[in-house]
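Which chain is which? They are A, B, C, D, E, F, G, H, I and J, in the order written, and residues in each are numbered from 1.
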Amino acid sequence: MNRSEATELVREARRRKGSGYTDLAERLGVDRAWLTAALLGQHPLDARQAEQLRELLEFPEEVVPVLAEIPHRGSLESVPPTDPTIYRIYEALQVYGTTIKELINEDFGDGIMSAITFNLDVQRQETEEGPRVRIVLDGKFLPYKW
Amino acid sequence: MNRSEATELVREARRRKGSGYTDLAERLGVDRAWLTAALLGQHPLDARQAEQLRELLEFPEEVVPVLAEIPHRGSLESVPPTDPTIYRIYEALQVYGTTIKELINEDFGDGIMSAITFNLDVQRQETEEGPRVRIVLDGKFLPYKW
Amino acid sequence: MNRSEATELVREARRRKGSGYTDLAERLGVDRAWLTAALLGQHPLDARQAEQLRELLEFPEEVVPVLAEIPHRGSLESVPPTDPTIYRIYEALQVYGTTIKELINEDFGDGIMSAITFNLDVQRQETEEGPRVRIVLDGKFLPYKW
Amino acid sequence: MNRSEATELVREARRRKGSGYTDLAERLGVDRAWLTAALLGQHPLDARQAEQLRELLEFPEEVVPVLAEIPHRGSLESVPPTDPTIYRIYEALQVYGTTIKELINEDFGDGIMSAITFNLDVQRQETEEGPRVRIVLDGKFLPYKW
Amino acid sequence: MNRSEATELVREARRRKGSGYTDLAERLGVDRAWLTAALLGQHPLDARQAEQLRELLEFPEEVVPVLAEIPHRGSLESVPPTDPTIYRIYEALQVYGTTIKELINEDFGDGIMSAITFNLDVQRQETEEGPRVRIVLDGKFLPYKW
Amino acid sequence: MNRSEATELVREARRRKGSGYTDLAERLGVDRAWLTAALLGQHPLDARQAEQLRELLEFPEEVVPVLAEIPHRGSLESVPPTDPTIYRIYEALQVYGTTIKELINEDFGDGIMSAITFNLDVQRQETEEGPRVRIVLDGKFLPYKW
Amino acid sequence: MNRSEATELVREARRRKGSGYTDLAERLGVDRAWLTAALLGQHPLDARQAEQLRELLEFPEEVVPVLAEIPHRGSLESVPPTDPTIYRIYEALQVYGTTIKELINEDFGDGIMSAITFNLDVQRQETEEGPRVRIVLDGKFLPYKW
Amino acid sequence: MNRSEATELVREARRRKGSGYTDLAERLGVDRAWLTAALLGQHPLDARQAEQLRELLEFPEEVVPVLAEIPHRGSLESVPPTDPTIYRIYEALQVYGTTIKELINEDFGDGIMSAITFNLDVQRQETEEGPRVRIVLDGKFLPYKW
Amino acid sequence: MNRSEATELVREARRRKGSGYTDLAERLGVDRAWLTAALLGQHPLDARQAEQLRELLEFPEEVVPVLAEIPHRGSLESVPPTDPTIYRIYEALQVYGTTIKELINEDFGDGIMSAITFNLDVQRQETEEGPRVRIVLDGKFLPYKW
Amino acid sequence: MNRSEATELVREARRRKGSGYTDLAERLGVDRAWLTAALLGQHPLDARQAEQLRELLEFPEEVVPVLAEIPHRGSLESVPPTDPTIYRIYEALQVYGTTIKELINEDFGDGIMSAITFNLDVQRQETEEGPRVRIVLDGKFLPYKW
């Protein structure tokens, strides 16, 4: 069994149980964005988390060690992504990518935002003109250092 | 003169003057991320802003009407981007793209974050482990609506 | 079972029953272009619609919850599309894409036609020189708004 | 001088004169979408139209015969297009391409919508929820015929 | 069963029976190039033809309705094609594509050769220097007509 | 001066003189498809032909030796071609490529149609339903021979 | 059973029997490079050869007619090839491709080396500095001939 | 001046002088395939050779040091190559690439033919059926050795 | 059974046994980077090593001869790689590729680092600022030699 | 003047002066690999270094501020690289990329080698079998840390 087969089995178990990511994350006591990424094959779970999850979702036991392996990361089937919800993030990157670089360079000097010492947050904000999605990418600044 | 020639002339003027984006934005009274994007060819300036900018940066007069045209958007020379600062944003999209979709779907239902009714913020945050880059993508939620 | 397996099962059921999209849409009381897209894996059906459909087409019960999930959108196997019927739409985009942008900009200012608050209509019109296909893309105008 | 140099010269003349496509089309007595496409290098103008246009826009005389040549068509710099206004049309094709084929096949049998005996219309419609963009692709149906 | 599975079953039946395309076409009373394309998944057969074919080739009954569906066209696994026999046609297009356009434009004006009201013929001609392949592409001229 | 600059100069000379390919070919006593391809940079002219052409079209003398060199062949800017007139030939290849291979194999055995001992003809045929374009690709059969 | 399944079965039979290509070619009385290519799916075997091979390698009988069909040629999974042994040939083409063209043109005039009336030889040569690989591509010269 | 500008100047000088590669190679006392590759930008000349060449071809003096630099290798504008003479080599690689690997592995064990300790020869051979092109790729065998 | 199926079976056996590469390499008395590459399908094992491994990991017997075959090399599913750990090596190549070439040329003259007479080492180094990864690519210098 | 024009001017100055990277680095008191990368457009120089360099190489003064800007990184014209010296590094990545990931994961856990807190060394080592190239990639380990 490889990771994407394990991911598929978890997805089916989640559908049967009707469990949301937010709810599962609360029960496991972990960040929900991190858990969602882990369940989509982007992070390893530790053995205890994988076991807890199995109890909640009742997927087959052999899925557990696969979830605990460090995965080969990368979640997109194609780039640019064809799905509109994902494409809009790509569009922001396409339109504002050089802007982000210029502002990081202006505020911090030569370096990058880490994508490893990093977390992601997806938030819902109510405004008078309706709800807004707020996606926060938050990573350590790493200066170029030879 | 096309937009990318105009963009290049503004860039040279900025180098000669040593003006930062944050500083220019304050003088024009506009958001600095928006202005940076505009100067990089991703948004039109209105005629007054373009003229003000010309006074500050002293670029040639024929640049002004070009800056006021609605541009053909898209700032990246290649995808995936080769520059590490920009690549890390791409990596976040590559690793967390499906996560973002799942969480938007869980919190909002079927729909997208608008990239049009949208703003971007790049922030510097000091922490004990050093500065962090915080990139906020903030767009109106648009539900699928036939 | 993933969405494309569900789509295939619906297609086989439709072939067995000989049911047209127009007819199915009428029985479900929904727009036929929307339903066609949904059956091709581009929109979720709500639980009741999915159940009604199962009664009409007699596909296996486990298809129902899959049809009710929000799908990963994107219907084309390759771009440019190889099928001539779909290619002609691509050709219109290829030849007239910049024209459409210029006219939207001239009539509405800087912004886009939403593809989310959007509907599609395919119509048959009889003329003296034979039938014509009329494809109407109709979406809300969204002005760029920081 | 090749066609794209001619296109660029016309664009600069239009900027200098501040002439809209709709206005120019009325003065020439032609459809505005057709004229826009022609000015963007997608259709030949006849000699008289090219000459009339030169009088209105005052571009150099050697542009005239170039505008009268049958161009090498194709307006997009890249596919998928990076500009959001054009991308939304691409997204409609990406999401609804197979839907359009199925409905053409259901209504007309095996065949295509011509992209040659074809016209395009971009319309503005006011609704209570704000203006909508309506793009009409209208082409002769061509049945497969050996 | 999808179309390419049906195509494969027909191919195996043909191998078992040792039936040539020319022979099959004669028995069905149809053009052999058309039939070859149809058997390779590029055209629908009508119900009677599909049934006749089943009697000749003895493939399973459930193949019949699949052959009668309008297929998603496109026969090449990759472009440029790797197979030398198919590549030479591609090479002719690559070397003479612009020539064909110029000559169609010179003889007919602005327009195209239809690939829908179209037929194909592959002929063998004996010459003193050995046999020659003659491929005739024959399609209705369609003038650009707004 | 490289070949594509020479090609461009010939094209401008042809525009100034208003000379058609058919007419030029008759004056030079060569096949018009061959000449068109040669003028578009796909075949070398011999020195005498290049000189004759210079007298007819009055392009600069240094173009002559460039036209006499064996060119680097390939006429398409992109594949699939974006221009509809050229695309239809590509579509015929895309839809009927495997058909052509099967029929060559059935009529001739294992081998190819040469694209080198080869000629091309573009013909106009009047029919009751309007003019048809007939493109004849005619090449020597070459059997695989180790 | 398609050709690549047949190829795989032959490969497994060869592994079980431990038979080298050179040895098999001697027993069948054919050129070893030709046979290797045929076993890798690039040439058809005649019925007698396929049957002889079956006796030597003891693969299933239904493989025989598949080996006798004219295959769809093309042996590389990706280009540039990732395997270093194959890549070095690609590198020779990448570095010396234009050199080969210039020298063929200088020695023979305008034309090509046939890849159809063609054979390949791979030889081992012992030298003082160790063994050398000698790959000989040998094809008939075909002059361009309209 | 970069290498490709230098290459272009040498090519123009060669055209003016009408000097063949074989002839130039003899005068310089070097292998003609090596020299051809060098003149096409794939190998550095030593200072003396570059100077000798300048005397023979009379190109500008500043070309000399550029020819003596180690170039960035790679001679093909696109892969697959569009020019038929170069494509046939590519086709041989495409059809026989895996064959060459198998035979090198069978004769030498696990390793490669060096493309660095390597030479190329293009030969003309007269046969009863006309001239044949013989391309010899000859490189040292390098066994995998950790 | 092909090599990637064998690779998968070894991976599952390793997961069941919990054996690290370093440990396995010690037991077999081979370099751990070489063994890791071999287990990932990039090098053949000799028969004895494959057998020893089978005893340690208890995978099925028919895996053994497959591990002993010379593989088709190439370990990346896509380039650029999507996995961040692998991407950073790619980024080093992307940013420093020309630097490495210039320094090899400056230190050694015209030539390459062999990737065949080559070994790789991955080391962990403790520093005051935390552990560092040290990847050493070490290959024989091969001068260009005609 | 953009960065690649500045890079080209530095390269020409270096050719005129005949200055090696190692020598220049010593005079500036910086690491030679870092300086080489900087001169090839991959790192900014500080103002003093850029000025010192100008004195050594005598390039035009307006180059100085361009060298001091943070560049858009990425040194390869195409991937895979066509130049054999650079390709061998790519080949090492292609063959050993997954190996490196597995060993980093085994030695350090889940994380990456930083390409930012990173340095590169190219070394020459004499051995009995001739010189070897040793390329050391040395970066801080960054564990995944949410």
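Here is the rule we go by: a contact is a pair of C-beta atoms (placed from the backbone, for glycine too) under 8 Å apart; a residue touches a chain by one contact, two chains touch by 3 or more.
Please read these numbers as outputs of a predicted model, since none were measured by experiment.
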Any chain in contact with chain B as well as chain C: A, D
With residue numbers as the basis of comparison, which of the pairs C-F, B-D or D-E duplicates the interface of B-C in over half of its contact pairs? D-E
Mean-CA-position distance for chain H and chain F (Å): 29
Rounded to a whole Å, what is the gap between the Cα centroids of chain H and chain I? 33
Centre-of-Cα separation between chain I and chain E, whole angstrom: 47
Quick check: what residues of chain B touch more than one other chain, meaning two or more? 72-74, 76, 80-85, 91, 94-95, 101, 105, 111-112, 114-116, 118
Please classify the inter-chain touch graph. Allowed labels: line, ring, star, complete, other. other
Got a list of which chains touch which? A-B, A-C, A-D, A-I, A-J, B-C, B-D, B-I, B-J, C-D, C-E, C-F, D-E, D-F, E-F, E-G, E-H, F-G, F-H, G-H, G-I, G-J, H-I, H-J, I-J
Under the touch definition given earlier, write down the residues of chain F that touch chain G in their complex. 31, 34, 43-44, 70, 72, 101, 105, 109-112, 114, 116-119, 142-146
Residue numbers of chain F touching chain H in their complex, please. 1-2, 65-66, 69, 72-74, 76, 115-116
As the complex stands, chain B meets chain I at residues 80, 82, 84, 87, 91, 94-95
In the complex, chain D residues that touch chain B: 8, 12, 15, 77-78, 81-85
Contact residues on chain D for chain C in the complex? 20-22, 32-33, 36-37, 40, 42, 73-76, 79-81, 83-86, 88-108, 111-115, 118, 120, 122, 124-125, 129-141
